[in-house]
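Have a look at these structures, which come just after this line.
Okay, so chain A shows up in both of these, paired with chain B first and chain C after.
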Partner chain A sequence: MKKWFATLKTLIWKDLLQEWRSKDMLTAMLAFAILTIFIFNYAMELDPRTRASLAPGILWVVITFSGTLGLNRSFVAEQEQGSFDALVLAVPGLGSIWLAKQITNFLIMLLLILIILPIYSLLYNQNLFNPALIATFVLGAWAFSAAGTLLASMSSQSRMRDLLLPVMLFPILMPVNMAVVKAGEGIMNGLAFASYQNWLLILLVYGIIMTTISLMVFDYVILE
Partner chain B sequence: MGWVQKVFYFHVGAGWLGMLAFAVAMVVSIIYLRKGDLKMDAIAASAAEIGFLFSIITTLSGMIWARPSWNTWWTWDPRLTTMVIMAFTYLAYFLLRNGMDNPIKRARFGSIYLIVGFITVPITFFSARLLRSIHPTVFSSNSGEKMAMTAPMYQTMGFSIFAFTILFVFLLILRSQLRMEEQKIKDAEALENEIEFGEVNNG
Partner chain C sequence: MKIELKGLSKSFGSVQVLKKCDLSLESGELICLVGSNGAGKTTLLRIISGLLGADKGHFFVNGEEWLLNSSDWRRKCALVAHKTFLYQNLTGLENLRFFSRLYEIDLSVAELEGILAEVGLAKAGGRQVRTYSRGMQQRLTIARALLSRSELLILDEAYTGLDKEGSELLSRILLSCKEEGTAILMTSHDPALAFGISDAFVKLNKGTLSEKIGTKEKQWFEVEGLLFPESKVEESRS
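Entry: the complex of A and B
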């Protein structure tokens, strides 16, 4: 078990280091996210009164869209270099490969949220640094990366690749989107915790279920 | 309600069949992952096809009923949205299958996607339930929410559900057989190509 965690740590470190050296994924995701915020501004001409409760929904759309962009890249390096077989041979327990990818994707999503949140707050002169809202986004990011990493590992092996991932992912993500937007709306409207706690519970349960299923089926995804 | 209420019997039957088909597809997918028998994959794909068709029929027949009853073709109700999202999940399943050239990987990925898809549908349904619903409920523990139905209505509905279940079994057997026959032809063609061009390929 100790060895398993050591492997996991090494794998996460490898993925993060690789991303740090190229910064391809994060730069593209950030640029895309900021551009989307600007597009939303023109598309909705956000009315200051309704803006407050809309903010979590808009931010979550921005985050999931650029997150999907990042997910598409998460298995590309191994495929281009053909190093996946070597990885499978080197690692005890294939689940750790998936979990490492998932945690890396989660951390990148967190970084994205940490950068986008102040930018949005600045542009719209609205303080979004609410602990409850951040907790909702963190739970949402975990649920998103759990479902997304499993589906990306499959779509990256198909002929349609990048084209397929959003079509596969968005119907599966529906409960997450609903929960984040509804909980965020409640938080921004200053409602009591009891009125939105069910949504947070859904996010938590979804994340746990997705992680468990993925660990169970990942062997079938990578074995020949 | 008048004549419009007659849509109800098709609507409930088709809706039941849609969900039954996806449940069957998921169970068969689990069996496929365990046993690796491609016959199971053929059954799962056929069940998903039937399920997709009938969830579209459910949505359309519901719209025909909703127009006179709710005075609108569409409303953002949990039942309605879940049904359409379910249909889209299975559309994505067919896209995934089409994109895979290797038959074993196609079957595996398809099975995984069906399992994941089937589990998220109830969560979507439950989370949508937290919002208000105006869709009538036939099966409910709360008598206040329940639809007012007379005994003949229940009998007709029960018969309709029974008939749709038989239809499903019938369609599933036919479609799975057709799928397996198609596969046999493909295999035979591949074998023929190998015999004809095998020497050339091997140099």
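Entry: the complex of A and C
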């Protein structure tokens, strides 16, 4: 187990260093997210109360769409020079390759959330620095990256990957999207925790299930 | 270590690429696999390295049956393929450090720099791989493959992109690997170049693998005549 975690750490180090040097994912995600926030800002003239209840929905749309762009880029380094084969030869438990990518994608999504929250708050004149709302987005980001990384590893082997990923991913993400938006709405409207706790539970369970399934099936996805 | 493949077959849809192929390879032996483009050489090498599943066939190591696609087997193989398997945004040294950690070989920076120097990249270790020429990337690929000190070294057109000096260096490295007991299976578009270091040749033709043609006490033209009889006939006609 100790070796497995050492391998995982090495793989995460490689993925983060690659991203730090290339900024492939973050640039695409940030540019898309900021543009979309601006478009929403101009397109919807809303009163402050409606704004508050719509904020989680708008933000989550921005996060998932930019996240999908990032996922499409997350296997580029492996495709460029076929290094997936080298990883498959060298790594004893292939699940660690998936988990490293998933953790990297999750961390990049967190960074994206950290950057776009203040921008959104400024543009819409709303305070979104609510710990419960941030926790909802964090849980949503984990669930999103768990499902997304597995599907991205499948679609990366196809020539139509840019189209294939959203087509496969969005239907699977329906429970996550609903849970984030509903929980976020409850938080922004100042409702009691009990009224939205089930949505948070759904996010947590979804994240755990997708992580477990992905760890179990990744070997087959890569080798078959 | 003795590796044996028996009755290996592989199809892609209706196209049968490999038909009941048999091959054996021992420690310290270098076999060169030849065949025309599309003959299935790369497919065979990918199956042997455990990266691709076979439809039929058995695989034995020292007489004991193994699963080719098990991670235990894959970790015994080192592969140099058409693609370099290198991370372009990492430096040469970082690439080697990354793969050495995956193979759980704790090498110091000085040792890694020594490996880079062995393949003639002593001064380029700190540069990102994307700034390397094709030949330099191929040298680094060879260094990466040697890192794991695997029992089976598989090379698919490893001489590609190497200059004369690089080709000589690779031949020297392969000879020293043989002496250390590594089994080597390689393909080459230039079998004459591989003749000097090979113990035997096998030819893949229309999915069928020929018997081994030993090189011991033979001249290249004799081996060439056995490997490519059709071209010899045409030569004599002209």
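One rule holds in what follows: the second predicted complex is superposed on the first by the 223 of 224 C-alpha atoms of A that agree within 3 Å, B and C clash if a C-alpha of one lies under 4 Å from a C-alpha of the other, contacts with A are read in each partner's own complex, and residues count from 1 in each chain.
We adopt the following convention: a residue touches a chain if its C-beta (ideal position, glycine included) is under 8 Å from a C-beta of that chain, and two chains touch if they have at least 3 such contacts.
This is a predicted model, so every value here is computed, not measured.
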item	value
Which of chain B and chain C A:217 touches, first, second, both or neither	first
Chain B versus chain C as contact partner of A:167, first or second or both or neither	first
First (chain B), second (chain C), both or neither touched by A:147	first
Partner chain(s) touched by A:48 [first = chain B, second = chain C, both, neither]	neither
Which superposed partner A:155 touches (first chain B, second chain C, both, neither)	first
Touched partner set for A:22, first chain B, second chain C, both or neither	second
Sites on chain A touched by chain B in the complex	147, 150-151, 154-155, 157-160, 164, 167-168, 170-172, 174-175, 178-179, 182, 198-199, 202, 205-206, 209-210, 213, 217, 220-221
Contacting residues of chain B [partner chain A, same complex]	33, 85-86, 88-89, 91-92, 95-96, 98-101, 105, 108-109, 111-113, 115-117, 119-120, 123-124, 126-128, 130-131
Partner chain C, residues of chain A touching it in the complex	3, 6-7, 10-11, 13-14, 17-18, 21-22, 77, 80-83, 85-94, 223-224
List of chain C residues in touch with chain A within their complex	49-51, 53, 69, 71-72, 74-75, 77-79, 81-90, 94, 98-99, 101-104, 128, 144, 148
